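Have a look at the structure below before the remarks.
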Amino acid sequence: MSKSNVGLIGAGKIGQIHANNMLQSDDLHLKTVADPFINQSVSDYLSEYSCRITSDPEDIFQDEEIEAVFICSLTETHAPYIIKAARAGKHIFCEKPISLHIENSMEALKVVQECGVKLQIGFNRRFDKHFKKIHDLVSEGAIGNQHLIKISSRDPQPPPHEYIGKSGGMFIDMTIHDFDMVRFITGSEVNEISVKASNLVDPVFSKYNDVDTAVITMMLENGAIAVIDNSRQAVYGYDQRVEVFGSKGVIETENEKETNIKVSTRESVSLDHPKYFFLERYKDAYVNEIHEFALAIKHNSNVLSSGTDGIEAETLAIAAKKSLEEGRTISISEIDVFSMIGGENV
Amino acid sequence: MSKSNVGLIGAGKIGQIHANNMLQSDDLHLKTVADPFINQSVSDYLSEYSCRITSDPEDIFQDEEIEAVFICSLTETHAPYIIKAARAGKHIFCEKPISLHIENSMEALKVVQECGVKLQIGFNRRFDKHFKKIHDLVSEGAIGNQHLIKISSRDPQPPPHEYIGKSGGMFIDMTIHDFDMVRFITGSEVNEISVKASNLVDPVFSKYNDVDTAVITMMLENGAIAVIDNSRQAVYGYDQRVEVFGSKGVIETENEKETNIKVSTRESVSLDHPKYFFLERYKDAYVNEIHEFALAIKHNSNVLSSGTDGIEAETLAIAAKKSLEEGRTISISEIDVFSMIGGENV
Amino acid sequence: MSKSNVGLIGAGKIGQIHANNMLQSDDLHLKTVADPFINQSVSDYLSEYSCRITSDPEDIFQDEEIEAVFICSLTETHAPYIIKAARAGKHIFCEKPISLHIENSMEALKVVQECGVKLQIGFNRRFDKHFKKIHDLVSEGAIGNQHLIKISSRDPQPPPHEYIGKSGGMFIDMTIHDFDMVRFITGSEVNEISVKASNLVDPVFSKYNDVDTAVITMMLENGAIAVIDNSRQAVYGYDQRVEVFGSKGVIETENEKETNIKVSTRESVSLDHPKYFFLERYKDAYVNEIHEFALAIKHNSNVLSSGTDGIEAETLAIAAKKSLEEGRTISISEIDVFSMIGGENV
Amino acid sequence: MSKSNVGLIGAGKIGQIHANNMLQSDDLHLKTVADPFINQSVSDYLSEYSCRITSDPEDIFQDEEIEAVFICSLTETHAPYIIKAARAGKHIFCEKPISLHIENSMEALKVVQECGVKLQIGFNRRFDKHFKKIHDLVSEGAIGNQHLIKISSRDPQPPPHEYIGKSGGMFIDMTIHDFDMVRFITGSEVNEISVKASNLVDPVFSKYNDVDTAVITMMLENGAIAVIDNSRQAVYGYDQRVEVFGSKGVIETENEKETNIKVSTRESVSLDHPKYFFLERYKDAYVNEIHEFALAIKHNSNVLSSGTDGIEAETLAIAAKKSLEEGRTISISEIDVFSMIGGENV
C-alpha cells in the first residue's frame, strides 16, 4: 500500500472534514495543511499526526513529494489555486464552485487540460449510496424512459448573514449541487430552464438581491422534465430527496433519519428527525469521494465528478439567475460559455 | 329522518358510483335516473330499489318531489342541464368541468345565482380524509406561513383514444382537480402560472394536440410557490400525493395502499401497490361529498365545492394551456373571465 | 336479487353494527330486531327502515319468512338461542364466544349439526383484507415452511369494570380472536400452549382473578412456534399486527392509521395514530363477514368461520387459563372436549 | 492526545474488525497482534501500520507499554487469557461469551476483581445508536412502566457446520446478545425463563443436540414480560428489532436498510433489504464500543458492558437450555451461580 501525499489548502469546516477523512484513509496521506488563519486546536490535532502546518500554499505547490492538492479555501481563490496546482503538476480536488465568474472557471479548466492533471469537483452527493443507487438503477433502465425528475433540496438553516453577500446567490451556492444531481442521475444535459423564486425565509436575502425559496423547471435533452425545489430553511432538518419517474415506474428516496425509532403515545406517533445537515447526512459520501479520487490517481482513470461537470452546473446556475431576472425561460444555448473551452471530461 | 329526493342524469361510470352511494345514504333518496343509453344490468339493479328509469331528463326537472339533480352526463351537456335544473328550482351537483368553454360555465353559474339554488362541483378530493386533514392543519397554522406546495397527480393509464379528442385536453380534464387542490389546501388564489409539458406516454396525445406529462408552476397570492406534476400513465398505480412546506415545517401524504403488508424474501422486500384508480382511492370521498351536499341542502349552508371553485379551476386550466402554447408565464388577470360574472361562493 | 330475511337478537354495540350493515346490504334484509332493552333512538332509526322491533326472540324463531338469525345478545344466551334457532331451521350467525362453558358450546354445536343449518362465528378478523392476504400468501407458500407466527393484539382501553367479572377472563373474551387468527393464518392446529401473564394495567383485573397482560406461546402441529402478546390497554390506539416467518421469508402487517399524513416540525416528526378501536379498524371486515355469510346460505357452501372454529378457539382459551393457573405447558389433548362431539366444519 | 497501547489476541473475523477500528481510533493504538495462524494479507496490512505480529500472547502480557488487551480468540481460551491479562495488570476487552462453563467465567471474573483491572464484554448492541436510544427513552420514562419487551433476532444464515458443535448451542452462542439486550434496555433482572424451541432450519442442528428456532419468555423483576424470538436463518437478511411496550406507549425500531430507496413498477413496490449481517449492521457500534472502552480506561470510570453483565447473560443461557431440556419454567434462582462470586459491576 502506497498512499498519495496530499496538501490541503484551507482548514475551515469542509477542509477539516477532508483532513479527518484523510487521516483515516488507506489511500491518501495528508502531508501539509496551508491556512494562515488555522484554528489552534485544529493545528494541534493535525500536528499529532505529523502533519505540517503552514500559512503559505506555495509550501504545497513546491513540494515534490506532494501528488495532489485539496482546495477548500474561499471561493474566490479556487480558480487561481487550481491554476497554480495544475502548473505544479499536482492532481486537484476542488470544492464547488470553481469560481463565481464562469470565465475564470473556464480559464482554470483550460490550464488543467493543458497540464494533463486530474481535477475532481466536490460534488459529494454523487458519492452518497442512496443517490448512487438511483443513478445506477436509472442507467440500467429500471424505470424505462425518463419522464419526470424531482429533487427537494432544503437546508435546515440559512447561512450567516455575512456569508450571503459573497455567496454568489442561492443558485450557484446551493442549487449548484442539485443541478449536478439532475445531470448525474439522468445522464442528460439540460436544454432550457425556468425559475420561479421568492424571498420568504428571511428579508436579509432581499437586501443582497438574493432569494431563499425557488422552484426550478428544466427541459432535458432526453425529453424528460426536471424540477428542483429549494429552501434555505427547513426547520425539521436537512431535506434531500430525489424521485425519478418513467415509463416503467418510479424510484424515490427518503431522508436518512437519526435513528429508525418510532415512539407511539396517547399524544403522538413520532419518528426521528432527518439527519441535521450535510456533515451528518453526507458523512460517508465525503469518505467515498476522496477514496474515488485516490483511485482515479492510482489507476489513471477518469474522476467521477469532473471540471466539466463543475462548469456545466455553474452554467445552469447562471441560466437560472437570468431566468429569474428576465422572467422567462432561458435556453442553455444562450449561455454560450462552453464553446469557448471545448473538450469533454477532464 | 327525511331524505331529499334526487334525480340523476347520466348513469355511466361516475353516475353509477353516485347512484350506489345514494342507495346506501341516510340523506338522499334516488328517485329517478335519466339516461337514454343506460346499461340493462344497471337499469335492472336500480329498479329493484324502486328507482324510476327514464330516457328524458325532463322527467326529473318537472318532478316537483325532486329537490336535487346530479349531473353526470357528457361534459357538453353540463351547462345546459345546470341551467334547466336551476330554472326548475332544483339544487345541483355537477361533475367537473362545468363546461369546456368558460363563457358557458359562467352563463350557467349566473343562472344558478339568479335562481338561488345550490351548486356543488364534483371536486371529490376535497372530501378525501387525507387531503381534508392537510387542509385543516395548514389552516390552523401547523406549518406556519406557506412557502411551497407540491402535488403529484398521475393516472395509472391514459383514457381511451376516442376520449382524448373530446376531453378538452389534459389541463381541463385531469389537472383541473389539482388546480382545485392548490386553491383548497392553500386557501389562496393563483397569480400566475407557467407550464412545461410534453408528449412522452403515447404519441396519440400529440395527434390531438394534447400533452400527457407536465410540470405546472404557480405563484400564489399568499406568496407561496405551487408546483404540480402530472402524468397520464403511472404504471404502478394511481399516484396522488400532496406536500405543503412552510416556515414551521412540512406536511406530506403517502398514497393509500391496497394493504399494509410487507413481504421480505431473499429476492425482494415488497409492499403492496397504491390503490389502482380513483374509484378505489376516493371511494370514501365520493360517499362524503354527497353527504356534505345533502347537509348543505338540509341546513341551507354553503357547499364546500362551489360553482365559483369550478370556474376558478377552469380558468387555471385555460391559463395553463395558454402558457404552454405561448411559451411564457401567464398572469391569471390576463384570463379576465371572472370580472364578467362577479360574486362569490354560490 | 333476492335478499335473505334476517332476525337480529340483541341491539347493543355489535348488534347495531350488523344492523347498519344489513340495511346497506344487497344480500340480507333485516326484518326483525329482538331486544327488550333496545335504545329508543336505535328503535326509531330501525323503524324508519320498516324493521320490526320486538322484545321477544320467539317472534324471530317462529317467523317462517326469516331464514337467518344473528345472535348478538349476552354471551350466556348464545348457546340457548343457537339451539332454538337451529331447531327452528334458521341459519345462524353468532358472536364469539359460543359460551363460557365449553360443554354448552358443544351441545349447541351438536344441535346445529343435527338440524343441518349453517353456523358462522363472528371471527371478524378473518375478513380483514390485510389478514386475509397474509392467510392467502402463507397458503400459497410465499414464505415457505412456517417457523414463527407472531401476533400483537392490544386493546386501546380496558372494558368497563362491571364487564370484567362476567367476561370469562381475558383469554376467552379477548385472546379468543388471536387464537382463531393463529389457526386461520397457519392452517394448523395447536399441540400445546404455555402462558405467562400478569396484572399490570389496572388492579381491578386482579379482583376478578383476571390478568390484563400476557404472552402466550404455542407449538403447532405443523412444527411452527406461535406467540401472542396481549394487553388490555395500548394508550396509542388499537394495536393489531401479525407476522409470519418461514424458510423463504417473512410477511408483516402494520396497523391501519387514521390518515397517511406525516407532519415534520422542529419539535417532532409525527404520523397519525392507529385507528382507535375495533369498530374503526374492522369496519370493512364487518361488512365482508355478513356478505360471506349470505353467500354461504345462497350457494349452500361452507361458512368461513365455523362452529368448529369457535370450539377450537374456546378450547385454546381454556388451555391458556389452565397453563396460567398450573404454571406449566398444557397439551391441548388434555382438554379432551372435542372427542365428545366429533365431526368437522359445521 | 495520548493513545492507550493495545495488544490484540486473535486476528479472525471479529479481531480484524477491532484491529481496523483501532487503526483509525483517536484513543487506542494497536501495538501488537498475537495469532499463530494469522492470515498473510492481514499480517501484511497490519505491518504497514507498524503493528508487531507475534504468535505468542505472552509477548502482549509481558509488554509493559501495553495497557489493554483485546481477547478475540476461540471461546475456550477467553477465560485463561482474561486471567493472564488481569494478573499482568492489563485492562481487558473480551468477546462474548466469557466461557462455555460458567464456573470458568466466574473464576476469571474473580481474578479480574482481585486485580482491579477493567473488563468489558463485547456486547456490541449496547453501542448501537437505535438500541441506545431505546434504552435512554425507556430509562427516562417515555413509555411509563414497562409491560412487554419484544426482541426479534434472526441471523441471515446458519454458522458453518463445523462451528455448530463447538458453539455451546444457540442460547449461549446467539441468544446471549438478546439476553443482554433485555437486561440493558429494561434495566431489570430476570426472575424466570421459559423456552419453546425447535429444529426447523437445518437438520444438522439436531445432530449436535442443538436448536435453530426459539421463542423465549421471561418474567422480569420489574414485573414486565419479555419475549425473544430467534432463528438461525432469515433469508431476507439480518433481522434485529426491539419493541418496548408500557403504560404510556410503545417504542419500536425498524431494521437498518442498505438504502432508503423505493422502486415502484407494474410488478412490484420494493424497498431495499436489511443490512446483511452483523459487520454491516453494527459497523458503528463496533467503533463506539472500543471508544467507550478507551474512555473508561482514561477516566477510570465503569465500563458500559461489564463482566457481571457477561455472567448474567451466560446464566440466562444456561437457564434457557435447562428450560428446554426439562420442559418447564426455570427460576433463575435455581441457577445459583452468582452467589459464588458476589459483587457488582466490574
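Order of writing sets the labels: A, B, C and D. Residues in every chain begin at 1.
By our rule, a contact is a pair of C-beta atoms (placed from the backbone, for glycine too) under 8 Å apart; a residue touches a chain by one contact, two chains touch by 3 or more.
In this text, all values refer to a predicted model and were calculated from it rather than measured experimentally.
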- Look at all chain centres (mean of CA atoms) and spot the one farthest from the centre of chain D. B
- Between A-D and A-C, more contacting C-beta pairs sit at A-D
- Report the inter-chain centroid distance for chain A and chain B in whole angstrom, where each centroid is the mean of the CA atoms. 43
- Query: Taking each chain's centre as the mean position of its Cα atoms, how many Å separate chain A from chain D?
  - Reply: 40
- So, in whole Å, the Cα centroid of chain A is separated from that of chain C by 59
- Message: Quick check: what residues of chain A touch more than one other chain, meaning two or more?
- Response: 235-236, 248-250, 262, 264-266, 272
- Note on the structure: In the complex, chain B touches chain C at residues 1, 24, 45, 48, 129-130, 133-134, 137, 142-143, 248-256, 258-266, 272
- Per the touch rule, the chain B residues reaching chain D in their complex are 235-237, 257, 262, 264-266, 268-274
- Query: In the complex of these two chains, what residues of chain B are touching chain A?
  - Reply: 145, 147-148, 150, 152, 154, 194, 196-198, 200-201, 213-215, 217, 219, 223-225, 227, 229, 231, 233-236, 239, 245, 247-250, 327-329
